[in-house]
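Several structures are given next for inspection.
One chain, subunit A, appears in both complexes that follow, with subunit B as partner in the first and subunit C in the second.
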Partner chain A sequence: MLDLIPLCALGATTPQEFRQGALTLTEMPETGLVSLTLQRGAARPALDLPEPGFWAAGAGHAAFWTGPGQWFIELPGRAQEDPIPFLAPQAPGCSLTEQTDGWVLFELQSSQGAEAIEAFLEHAVNLDLCKMGPGRATRSVIEHMGVYLLRRSDDRLAIWGMRSAAESLWHALTTLARRQSARG
Partner chain B sequence: MTRLTGGLIDRSQSLSFTFDGTRYTGHPGDTLASALLANGVRLVGRSFKYHRPRGIVAAGSEEPNAMVTLREGARAEPNTRATMAELFDGLSARSQNHVGPLSFDMLAVNDLLSPFFAAGFYYKTFMWPRAFWEKLYEPAIRRAAGLGALSEQADPDAYDRGFLHCDLLIIGAGAAGLTAALTAGRAGARVVLADEDFRLGGRLMAESDLLDHAPATQWIASVEAELRALPNVRILPRTTVFGAYDHGIYGAVERVADHLPTPGTLVRQTLWRITAKRAVLAAGATERHIPFADNDRPGVMLAGAMRAYANRWATAPGTKGPVAIFTNNDDGHRTAVDLMAKGVPIAAVIDARARSEAQGDYRVIAGGMVTGTRGRLGLRSIAVQHSGGSESLSVGALGVSGGWNPNVHLASHHRGRPVWDEARLAFLPGQGGPGGLIAAGACAGQGSTVDALADGHRAAVQALADLGLTAPALALPHAHPRAENTAPIWHVPGKRRAWVDFQNDVTVKDIALAHQENMRPVEHLKRWTTLGMATDQGKTANVTALAVMAELTGKSIPQTGTTIFRPPYTGVSLGVLGGGDTGTNFRPRRLTPTHTWAKAQGAVFVEVGPWMRAQYFVRPGETYWRQSVDREVLAVRSGVGLCDVTTLGKIDVQGADAGLFLDRVYANAMASLKVGMVRYGLMLREDGTLYDDGTCARLAEDHYVVTTTTANAGPVYAQMEFARQCLWPDLDVQLISTTDAWAQIAVAGPKARALLERVVDGFDLSNEAFPFMACAPLTVCGGTRARLFRISFSGELAYELAVPARYGNALMARLMELGADLGATPYGTEALGVMRIEKGHAAGAELTGQTTAQMLGLGKMVSKKKDAIGAVMSRRGGLGDDSRRLVGLVPLDASHTVTPGAHLFTAGAHPSMDSDQGWVTSAAYSPHVGSSIGLAFLERGDERMGEVITAANPLQGQSVAVKVVSAHFVDPEGGRLRA
Partner chain C sequence: MLIPHPLLGLRDAQEFTYLGDASLIDRPEGSDEAALADYVYLRDNPAGLHRELWFHEQGDRSWLVVTRNTLTHEIVSAELARDVALARKEGVA
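Our next item is the complex of A and B:
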């Protein structure tokens, strides 16, 4: 147990949750994040590293493509620790950089399947939803804020945004959810 | 209230509304225009310039006259077309552009003075005296001429945006649009079908013709039901596609809640950005009128609109007498037939064509012309001239049909010039319009129902073929074939004014005047007369005006010019274009990790780009910002201060070639930096001027952390990525931003070490173990991982301590708590700025993009032993020879102020551009010096220490004698930093 009490990105000691209609938005402060970049000439490590536009879940981690030879590795439950010593043995030939607190993770859950998630995306991002099915991941912009969007499943979407802009992003996402609920 | 039989209104419900304070009723399905007509209201507004009484002319978005202010208070929206306002219970509308009652507008005097108000009058009339234009003429003209007025209150409603991607966007859901949608929908294409009306069907709803031997509404309903059942089809009613943009992107506004009394929890409108692989433009056509003398009286309407009001809205166009039709084509007769079928008496059909036959039991005046009208506030009679002489007919309304103009607007948005079709007497979409846009139906000249149904299918088949999809066969409904047989009769010659553009009060005479003044090209014609401007953009006027000008010039219409359109198709509110939020959330804000703590401490925040930074912390008893700032500065210099510096950019640089890479990015050497040390670095632009400065720390052989200024965090990262990917892809370098990942707190002041010793976990902070410019990973507060940098912006013994951002808030609180006895004081950006000026450190005010390293006295940092971005260019003639240098300034009289931006002159010299010696870049009150101080770039500044010069601000008459001193007001030897 560390001496200093951490704050979630939204400024409270406990994560925020927001429910509106079919949608539940949850702040996820316990997921660690590491950027993994292949060093010049290095072979791909034996991690589940997806192709561009996708994310993939592996054992204790998930990954999504962020650039040529570059992925972000999600480490659920490892946000409090230094993730590099954990990951480095599995990633020889890779440069690793802790990104956990560079970002904030919001998970959007739908109680009405894909329809509510896609209705949400339609007003949030300029993406062709045909290319945002389960397993897909991409970088986009919501209300002028850069985000990574990961379609975990039909009814679940993960949104990684800038930690410092977490409050603005939360406002934008909850506003979208409210408006969606009003549309019915 | 006068209602005919039939129509698409729900008579089981009544809706109450007011117009100019008078209460009326209508039904669901009505527009404000149809409800007003049903209530016998003909006079709905005053014209733009002459304040002539005006009535409803059209039945759609082309309406030029019936502009009203809808709703009250902050929601009042001027210039709303009554023809597009869907009726709701409680709707309130007001007429516009009159002084006094609508029926007795004082400014109608303008009509009597019309000879003075001809086209271009104000270009000539209000030339002298010049000063009168802004204060007298323009306000007076704006008062007298115009449309509605804004509420000048904040818009209480919300707007949002949305994004759609589809194979085929179909613009318009009339006959062509529906068959196109059905074809593409059945083929499995992703279809978006948008229509500005609240019901699908377009012109089919306005006609009495049967489809498959049944009312057209039955076919529309069956098609709509099938389309709604298809998961690949999206229907957007109340949605106007207003513009075609690059790469198949179309802009559309959905009026989500404009048909409701208030939006409630809904947004009022949504701005859709639709990305379509192909689009079918099925926007229909707009009927044109035939100008004749006094053709603008309430009661004179487009004949097709009359038919629409009768068939769709069960509204008789004239209640004060029978209806006459003036036409140059067969479509006008169709109106007469439909009206008669509804029991509306027809006085006559005046057909300008010499050969014309009645299509029903009504009088036809073949070869006739309407030459005038009577009726002060509404039409009472028309004058008709024909082969047998002239006569006057008492009528309640006159329908005018001059043929139909295809709505080519979107097809011409990429400068696709419409092409004149002599057979149809109309402009059709030409080549060069938006790629992938296929016109179909009436907007492609296929205006009859039979043709439109088939053409919609054809366009969809073409679009699907382009997309590699196979279109299924489509059984088109049987429709009655019709032809227009329009004759080229464009206006009725005469001496009185005949209106071409109702909205802008432009008459045939005005066009003749433009011709006389040699304003003959259509572009000149438009600007000289204002024809085709304002909200309707000449939908009912442009082609007619062109034809009149062609007649005057003796040329053909295509020789005279074409009419071309730009977005938007109809007016788009700024609210929906802006979208998003207002106030605090107008744009995203970035908060520092210690924001929560700072807020609780009474911090006053300042916007630094998107960041909200603590500017200073107000303590009890402090009533003026400088009291707080001076206190904070003195506290740092005498004890220890804490400042959140997270906003500085941080870039993690790794890889075997990281050092080499940074040598090329920085002007000074970085490969030689020892592990565990930090170096100040300069980056240059390609042109050799200074780009950014900051520190670079080496954490391991192959691992550096670069810091940038707050403002350049993004641009420097982007430039480094460009260099990595494009300039030197052969280097083994990996980059990633970590700006947000680490909370970084500056701990500055002579007691900084004493304070840090209380939080580090067994880390030796002694000067020997951790000297100035050292860096190291460590843990603090019992195990929190951290990074420590011994760097100083203030000139004091100082460190920057970084922890994962989530711990920043708690770390700040802990440092404050543990440092209470040391005088630990939080300080904000103001104190930070004061101290860096006192130390002579450059910041954004010095790094202007025109500053060189030499000017900062750092010329030697641009290494000649290696190449780096901008290094060679920094030595070019002119730039390398710049002799201005950074100096400090103090006023001779300590009570005087050094003003940032003031220019410097040799004492006694006349201040001018020629004698300019430099300028003050930054200034502040220095509690350390006890006076105002400044930093400045001064010609040969390094050679002029002690010289008294003048800092002048001629614009405000300021002139202060200042002494040139070293820019390092505090500890020029640097002893404090190394203590």
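Our next item is the complex of A and C:
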């Protein structure tokens, strides 16, 4: 048997971290991701599934809305296991598909509160900042790459992007942070 | 240009892709070849209000029926295409 070495999405054996000014960007390889889709006519499961444009934290997971009748479920610490057995009993009658290996998660932390996160968003995406407060989650485009943006709190933003474009997205995000720092 | 998404509010048009006339929802059933040819090839080209299909590709992946004034680019309304199609089906039944 080959002895394979597990790599993070950015190609190293350990997750990357980038600091510039008030912002710290961190690769988060330990969070699993599952899509949940309601089947036609099925009852909504007991999971806390947020309304369009929002995310919500549950027990051991967080969910964000991705489309009508569809959510993504984040599972911190469960990226290296099959997440379906954990989730399936909580979501009877729903279609669950593992998504972990298709996506990469970066977390952007600000040491200067909401201001640095909002300045970052202003330059990164064409979204109404009034609708990007804590609790909000939406899909949009950064440098032509589709991303999900989750405002975890005033000073924290999560960015889910395509795993196959992880380095391009990392480059775009770190460049934005550098420019923001240069503007002062 | 901003498109008023019925679920998500105003969203930038760069998140959407454009398909065309909303009459594409009404695909003729049966084997009437002439009706199918009209459906595939014939379009109105109004100077004024136009109902058209937009896909929120970099968003929630829903299809919208957007009513847009082709003279001013003013967007009068946007509905989920699913709701439009279901309402029409109920109207027929």
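Here is the rule we use: the second predicted complex is superposed on the first by the 180 of 184 C-alpha atoms of A that agree within 3 Å, B and C clash if a C-alpha of one lies under 4 Å from a C-alpha of the other, contacts with A are read in each partner's own complex, and residues count from 1 in each chain.
Criterion: contacts are C-beta pairs under 8 Å (C-beta built on N, C-alpha and C of every residue); 3 or more make two chains touch, one makes a residue touch a chain.
Treat the numbers as computed from the prediction; the structure is a model and nothing was measured.
Of the two partner chains placed by superposition, A:24 touches none, neither subunit B nor subunit C. Of the two partner chains placed around the shared chain by superposition, subunit B is the only one that A:182 touches, whereas subunit C remains out of contact.
In the superposed pair of complexes, A:53 makes contact with subunit C only, with no contact to subunit B.
When the two complexes are superposed, the chain touching more residues of subunit A, out of subunit B and subunit C, is B.
Once the two complexes are laid over each other on the shared chain, residue contacts for A:109 go to neither subunit B nor subunit C. Contacts of A:126 after superposition: both subunit B and subunit C are touched.
In the superposed model, A:141 lies in contact with subunit C only, and not with subunit B. By the touch criterion defined above, A:153 lies against neither subunit B nor subunit C after alignment on the C-alpha atoms of chain A. Subunit A residues in contact with subunit B (one complex) as well as with subunit C (other complex) are 68, 70, 126-128.
Contacts from subunit A toward subunit C in the complex involve residues 52-53, 65-68, 70, 126-128, 131, 138-141, 146. The touching residues of subunit A, when paired with subunit B in their complex, are 2-9, 11, 29, 35, 37, 39-41, 68, 70, 79, 82, 95, 97-103, 122-123, 125-130, 143-145, 162-169, 171-172, 175-176, 178-179, 181-183. Interface of subunit B with subunit A (complex): residues 158, 160-165, 190, 256, 264-267, 270, 273, 275, 580-581, 585, 587-593, 595-596, 610-611, 646, 652, 654-657, 725, 730-732, 734, 736-743, 781-785, 803-811, 814. Of all the residues in subunit C, the ones that touch subunit A in their complex are 7-12, 14-15, 58-62, 80, 82.
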